[in-house]
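Notes to accompany the following structure.
Chain nomenclature is as follows: A, B, C and D, assigned in order of appearance, with residue numbering initiated at 1 for each chain independently.
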Amino acid sequence: MRSERQRKAWLTVAEVLVKIDAHVHVFSKVTAEFPREANDQLPAEDEAPVERLLKTMDDTGVDRSLLIQIGGTSIEHHAYLLHCLSTYPERFLGIGRIPDDVDDPVDHMDRLAETSGVIGFRLFGLGGPEPLQPVDIREFRTYPIWKRAAEMDYVIWLYPRSIDVHLVPFLLEAFPQVRVGYNHLMVSPGTENFQMENGRPRIETRMPPAHRQFVRGMSRFENVRALISGQYAFSNEAWPYADLRDWQHYLARLFGADRLMWGSDFPFVTEEYGDEAGYGGQVRLVEEVYDEWTGEERGMISGGNAEGFLRFK
Amino acid sequence: MVAIDAVRANEEQWKGWEEEGYVVVEGAVSGESLARLQSAFDRGVEASKAAWLEDVAVGHRSSSYFDLPNAFQQDDIFLDMVDNPNTLGLLRDFLGEDMIARGLTARSVPPCPISYVGWHPDMHRDRHPQHIKVQVYVNDVAEERGAFAYVPGSHKEGAGPYPRVKHLDAMPGHRVLPGKAGTAVIFNTYGWHTSMINRTLEPRKSLIMSYCVFHELNDRWSQAPERKRARAEMRAKLSPERQYLFGHDRGDGTGKGQKAEGRGRAEDKKR
Amino acid sequence: MSKIDALAHVFVKPSAEFPRETSEGLPEEREAPVELLLEQMEANDVSQAVLVQVGGEAIEHHAYLLKCLKDHPGQFRGIGRIPNDVSDPIDHMNRLAGEGDIIGFQLERFGGPLDPLSPMNMNEWAMTPAWEHAAEKDFVLYVYPDASEVHMVPFYLEAFPQVRVVFKHMMVCPGQGGATWKDGQPHIEVRKPSITRHTTAEFYQFENVYSIMSGAYAISDEDYPYKDLSGWHAPGSFVGRYGADHTLWGSDFPFMMKDPGYAKTVELMPTLLENAAERDLAQVMGEAAQRILRFREE
Amino acid sequence: MTVDVADGVREHLEETGYVVVEDAIVGEELARLQEAFNRFSDEARPGWLEQVAQGRGSSAFFDVGGSLEKDDVFLGLVDHPSFFPILMDATGGELLFLFPQVRTVPVSPVSYVGWHSDMPHTNPLHLKVQIYVNDVPADRGPFAYIPQSHKPGAGPYPSVKKLDHMPGHRPLPGKAGTAIVFNGYGWHTSMVNRTPVPRKSIILIYEKWNEARWDPEQWQGIEEKLTTPERRKLFGIER
């Protein structure tokens, strides 16, 4: 009987014992020290403090996580994220945001990445032409962002809307060296079917998504990783979201166990948001969904891949 | 019935059909009718693109290709394509008189570094009756404009297995079939095919028409009211020959319809 | 899943019916009839095999190979040879493939300039038409380049991504005089750790390149299980890069029969790949060959 | 000891792991270097081809041996004023020259070497200088480096099938005479050469002076040319 360690050696994958949550949010109440935008999803009085996240992680055996900026895109809106990164450098890395209308996105990116644990930036819109229009990526609003990411080895945390999906392959081909984490099962939801439910997103979308052909094609780009996250928002069923099982296995076939990364979308999966399975359910989800896979492969999805790809130390 | 003046398959075309699984008919559409087809196609796209983009934005449809909704209502030229004498005769040879037309898709495939579809057969020999598709290029389709590609011989019983390839051009033994506007590719849908990557600045425009043998149909006509209404509306525009070709008065599509007598098909015609 | 031997040779004593060339490794009196191979396969749960032509490249030299393919349909796949001096290689390929289970050809010459620093214009290379034809007809190419020709291969790999290219003998490329015979067994002299490091080891980036881990008995300077070849088998090394689904196993029957014999050759990969997952071993021992060379399930 | 290097050079080397020195070799000297490079390469070529044919050498690249003995223009590179101060500065003057590679890389759809680091951090500081002898545009297999990959704990870096998929890498094309000083702890490679013309370059390999690498015998053959105390130390003739 071969040991897991030996198996890994053959597969030459990263050390897989670590558990890393590759998609979480933390935010404070709106204060002078930590300004942020307030809206339906994030009322000014709401908070998801980093201490609560740390306790939740410790209770469930999660070692590290990737903090995704929420509550605004300007530098000052990042105050709480930067505070968390500098306070707990050994536990977190961060993903920042970029205002769509910023004059100098490159300066914005560099300023955020300069001193902190910000390793990349989240993109929604890509600022390119609509389908069937001629495409020249140099004219995309986000072209300078991708170019800078290539120069500085920043990670792009991608969550495009369905109307922008056709632009993604052009960027992946032009910037093969840019690491891309494609959010939330690579479901790029449409614009009109977002709702808020219990203060968290509820997204009516058909599964498999309409643009599955793109997902298949994009899997050939070596630097794309698919996030196994966000199930609660897409599923019409309770945990473990059986209606998404096929799609999650399709992603696994396309990308292989070494190019999937698990993320919880904390705090929106906690009891505070009416989630019965809670964070613990998210932590157990990989095991539940990929039950026929080896423990080592599940370990890669639950942390091994994120450790290598995002360079957690 | 099929128009008497229809072009029939020659020796070479028979060989290509049986050995490779496809036949290319250059100039299947030309001159006046090609011009009509192209303008009808473009008019249709312009008229209905907005609705498609809305669906894409909502997340209900994919932006990787765009199919013209109910083309037959848009212009009669699309009907003319279904019984185009330059291809219909070959279809009759390959399928027999009992052939039926299943439909037409008018498809635009935008440029993209990845293809909208991987290598696949449409039908499986053990599960489905013989289907034939005819792909007609509406604009010039050079190799790099997402040309149709086929794996010769992959339609045969026991062919393959064929690997999943990351890059389309790594499919063993495939052949890319570029062509001028008006070129038709008649192919056996048991065989493996795809659309290569469109690296030009223009979408690939083509018609994809589907045919099979009526008495082998094992699926019912959709009984959905709108589907029936659409068929009824369309029937009003059809000549008796075309009504027959589209399966009107030929039963409910479960093969219970009367089989055309004494009309052989490719397999019976072993010469 | 039973196993598939991706590299075996069968031949009989030269006769009017089955003419063949003789050489140091294939003296007149030597023979390795298909019955002997079948016996070894059965004894070791090997269900199918690829028979690679030896004993001459002319059509008539293939007589025995063609007979074996005909007599045992589905059990064997055949790889033919092409004479270096043939005037019309395409006609030669068609005539052999016309016979049925010949699915491809072995190439040892590539027809480009021996000097890697001279201009590389494939249109002028003698073997380019053969590769074009292989792409056209979906032929498999078994390649075994000399050290002096391996630099030409990637040009073909890039130009013909749809051609399945199978390297034998762990992708080593012996130099002149590098392959010698001793007591009827070949020995291939190559530098270890593998000189393939800068050449064939890099070909893994082409999707249709496959490697047969055959010939260890001839390449190694040690006794079975040839631990000096760990440079190929160690985790993350050669085999690791190509992946189990691009790695085949082959015996090189009958040339390894004296030492170590067929049974031990079958056991070699599981021994050298001691850390491999079961499903990866299954790929190497048969599933990959079944898929790539299109063997029917027996 | 301290050495004067241009503003920002030290910082750039420390921060990114490399420094590009444009026009390091120019004019007459460059012409002489190219002439010598070509002459000795042509001489060495048949021997290399024979090695390749015999399976004793790789056809993926070839080096001219004994170059320092062959022509002073090569020797002159080892402590060339255009980049030597950078090396001295990086090693606090404790520099030991190991050996040169006078290297020609043929045209090929695959590179002769993948992404790699030369030395682990347990090894004394390992410095290299890559000098382009012919023009090396982006498609002629330029040297490429991953900025900051020389730092302790950098990475991990994935194994990629296509060289240009390496996260954060930077190809460094340059005109003939360009010199690239880089830290051998960092990850680097040679990109694919898609031009019809081979890449010609000289790679000089150094380390911070250390006992293990010190071999007073190694350069005995050219000792009479190593007249200054600096050179005798650099080449390990004397401590």
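Keep this in mind: a contact is a pair of C-beta atoms (placed from the backbone, for glycine too) under 8 Å apart; a residue touches a chain by one contact, two chains touch by 3 or more.
In this text the structure is predicted, and so the values were computed from the model without any measurement.
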Chain pair with the higher count of C-beta pairs in contact (B-C, C-D): C-D
Most distant chain from chain B, judged by the mean position of its C-alpha atoms: D
Rounded Å distance between chain B and chain C, as computed from the means of their C-alpha atoms: 42
Centre-of-Cα separation between chain C and chain A, whole angstrom: 46
Whole-Å gap between the CA centroids of chain B and chain D: 60
Shared interface positions of chain D, touching two or more other chains: 159, 161-162
Sites on chain B at which at least two other chains make contact: 166-167
For chain A, residues that touch 2 or more chains besides their own: 12
Of all residues in chain B, those that touch chain C in their complex: 151-153, 158, 160-161, 163, 165-167, 169-175
Interfacial residue positions of chain A with respect to chain B in the complex: 130-132, 134-135, 161-163, 165-166, 169-170, 172-173, 188-193, 205-206, 209-214, 216-220
Chain A residues within the chain D interface of the complex: 12, 14, 150-153, 176-179, 221-223, 308-309, 311, 313
Residue ranges of chain D in contact with chain A within the complex: 146-148, 153, 155-156, 158-162, 164-170
Touching residues on chain B, where the partner in the complex is chain A: 45, 49, 53, 56-64, 66, 108, 110-118, 166-167, 201, 203
